[in-house]
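What follows is a pair of complexes built around subunit A, which joins subunit B in one and subunit C in the other.
The block that comes next holds the complex of A and B.
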């Protein structure tokens, strides 16, 4: 039933609202059961909506376990350590779930719909494009190093010349290149733009809202 | 009346004394298709950048002279204001893509023009059908190859129907069929009244449709367009007795159909041909180890391909499409491991102390080839050899590759230019 595309088509403003609500709820929860339910739901959303590379998943699990181990050592209470680790997850998961399931176009339409100042829409759009571009550029630079026989993961002394310098060049030129790209495509934040697909409330938005309230209800029931 | 008039335009980059453009005059009327040629670094892209307003806004320098649209000076207009009348296809189209779906990308430009919302779906459908993209309209842009992205951005820009079109190497990544399709399309847009100015190195393709052609040399018009330097035809050599250096069998990856088997002997050159998106770059990535094949085997120098890319890289060098990812050294000389001979062969000896990133795109491309060959690989993979290369620059690269194969190296190259296959005496493998 839960299609991979479901979350992608939910209203971005609704996703922003629910993400903020999750952060607020995660900060106010005090019982382990409630936060476990919240984190399980978030993880389920993440796994069903986004393809996560195995390496990244393993790295996150290891970091999570280390966090619990460190917490147990310092607090001498594994349950409290687990609670804090889960709270950290509950605080950090909504952002990637939201960010990775919202296309730049949908974000711009959403921000225009709430009449956000155009310079803010432009800045957010550039930031939205920036993160995946930099990730892609880093990957290409790492590959180019390997093609030259340099395994950067085993040669940290070459990180500066092999990765940081070319990456900084790319980051510096990125701002200009993308602004030129935007302007040559006729984007002018000071002029009105057509919204060809205006944001409308869809049935899936109602489903998402009801499901969110239901989950918040369960979490509240466990908490109190 | 001329749509675009350029009067005594000069541009000098900040920190330089020699102007990159000097006293350029040009008049382009509605329905005209103007071709600008010239060697790499001759000022072609600088000229288009000046027309579009990118120079001096983003490229620091001093601009003088005048630029007019329908006899009205636009010299003090910014890029955004000019873009209402000038459609501009940049050399690197990736920087002009802002959405993640094909139909959204076409809509983006039309929304920027603030067209009535009810007109936009029809214009999107017209652009999709004009470019045979209707079936792919819901594809994500990530799925597209370089050539398909090029086609998409051209479709986006043509859909905006500005009266003047500036295009920097629109044919660069296009296969033969897409190129001939674009030729017809440009002619029909010119016939409908658009004024088109384009830079292109694939002169064999575009010269027949241009109404005017100009050649830039060191920032000035040459009075006579020089004869196109043709690429020398290499003599056929029998390689059947040479040892096999690379063998690929039953390779497949992702959604591509199985790749044809490939056997490459020392001294041999293979040209991979096929339409945009058929998997040429993917096959090169499989051979270099950047991707792991879903099925099939690769044998390198008679042994199974090692797992680690760095081990594969001892035998295989790969010249990527974008040279900016492959330059790491502090100077041109260091980049080729102090091999001055390679720099001489690539006509880069005057730049040996310069930082690699300060070179022009064409020079960077030559340098990455030099850097790869300086490591003395057994096999050199070269993705899209002709992109950004004028005939002279391309000849230098081809000459170096010929010497490499004569010394026993093997080459796999992708290109849409049939001259490349002739010049290298290449075997053609169609995907």
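The block that comes next holds the complex of A and C.
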């Protein structure tokens, strides 16, 4: 039984590989039938794995229809316009589908497993960890401005002095504090690191691989 | 020049966060405008502040690659297309600045900003056109659209550099940045 959690528990490296393969396949497709099947599968994965806010879904549908209308106007061929719109969807969907079903921790473990340079893994970890914190800081700065009667959302010319200068000072302070914290704990990005939960190949990964090959086979059959 | 230190990586990561926040604030303002590079034009003045700070602090070749490479990996979670054009732009920028030996001088940082944001518009248009197909490619490959947007992106990058240098001076005065 396909559960909402299925895609979350698939090996993140496998998901990255499959999403790259989907992008490569989407770029090479030439027939409408094949691209329709690929997009239907991706949409099914998206809908069954992630809760999509209604507003976002409506915005995407409107953008999709506008893209078809624009393509029909410029190409004078609605079928070709539909094909390009579907291809754009097939290129755009894999990354969010697989990213939103992979936790940052799992992704970091996957990147460590493929021996990505440790400084890059460290950078990614820091960005994921501190992006929400710095966003909260920027929200605080906006609120502090509001208390002083400055509505920054309506005054972009004040963004530099009112938002970005204090934000930069906060970010630089955070960078200093985190560096000191890491140095005090003896962190060295060049040293080999251990992983508490190493990635393993599980039966659901085999199921996912077989299902992916099956779908690629159907798409190839329709294409040729 | 000394080896990359832990503090360099941490500083670059925090500048990446700043660049990402600049995009969160500015990009939604232009989502409905179907012009190539328009998002870069509004993003560049504010992202350029953090890019300039990172260049001023790190100074050596690879600084932009470290900041934008991490950003590309982060934004690849939204779309491979964004990751691809950012990588293209950072390779061009690092390629150009490699001949100048890094980002030590203000002029180097100005060139770095202008080249990065202008090339981001061009690579974004190329990758976008390749992904979206003939209709979009025909629209954005028109010289009267692409050339002005590229020039405006470079100009927006220069504004970002100017604001970034102002903050570098303020940080130096406050004793928070050792350049």
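Please note the rule applied: the second predicted complex is superposed on the first by the 158 of 224 C-alpha atoms of A that agree within 3 Å, B and C clash if a C-alpha of one lies under 4 Å from a C-alpha of the other, contacts with A are read in each partner's own complex, and residues count from 1 in each chain.
Just so it is clear, contacts are C-beta pairs under 8 Å (C-beta built on N, C-alpha and C of every residue); 3 or more make two chains touch, one makes a residue touch a chain.
Only a predicted model underlies this, so the values are computations on that prediction, with no experimental measurement involved.
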In the superposed arrangement, does A:196 touch subunit B (first), subunit C (second), both or neither? first
Specify the partner with more touching residues on subunit A, choosing between subunit B and subunit C. C
Looking at A:178 after the superposition, I want to know if it touches subunit B, subunit C, both of them or none. Which is it: first, second, both, neither? both
After the superposition on A, what does A:43 contact: first (subunit B), second (subunit C), both or neither? neither
Where does A:167 make contact in the superposed view: on subunit B (first), on subunit C (second), on both, or on neither? second
Please work out whether A:21 is in contact with subunit B alone, subunit C alone, both, or neither, and reply first, second, both or neither. neither
What is the contact status of A:13 with respect to subunit B (first) and subunit C (second): first, second, both, or neither? neither
For A:146, select first, second, both or neither according to whether it touches subunit B, subunit C, the two together, or no partner. first
With the two complexes superposed on chain A, say which partner A:113 touches: subunit B (first), subunit C (second), both, or neither. neither
First, second, both or neither for A:187, with subunit B first and subunit C second: both
In the superposed arrangement, what residues of subunit A touch both subunit B and subunit C? 165, 169, 176, 178-179, 182-183, 187-188
Which residues of subunit B touch subunit A in their complex? 52, 54, 58, 78-81, 83-84, 88, 90, 92, 95-101, 104, 107-117, 120-121, 156-157, 160, 288-290, 308-310, 313-314, 317-318, 320, 322, 324-330, 357, 371, 375
State the interface residues of subunit C toward subunit A in the complex, per the touch definition above. 4, 6-7, 9-18, 20-22, 24-25, 34, 46, 49-50, 53, 66, 69-70, 73-74, 76-81, 130-136, 138-139, 163, 167, 170-171, 174, 176-177
Contact residues on subunit A for subunit C in the complex? 19-20, 23, 27, 67, 70-71, 74-75, 80-81, 83-84, 87-88, 91-92, 94-96, 99-100, 119-120, 122-124, 126-128, 130-131, 134-135, 138, 159-160, 164-165, 167-169, 171-176, 178-179, 182-183, 187-189
Can you list the residues on subunit A that touch subunit B in the complex? 103-105, 125, 129, 137, 140-141, 143-151, 161-162, 165-166, 169-170, 176-188, 191-198
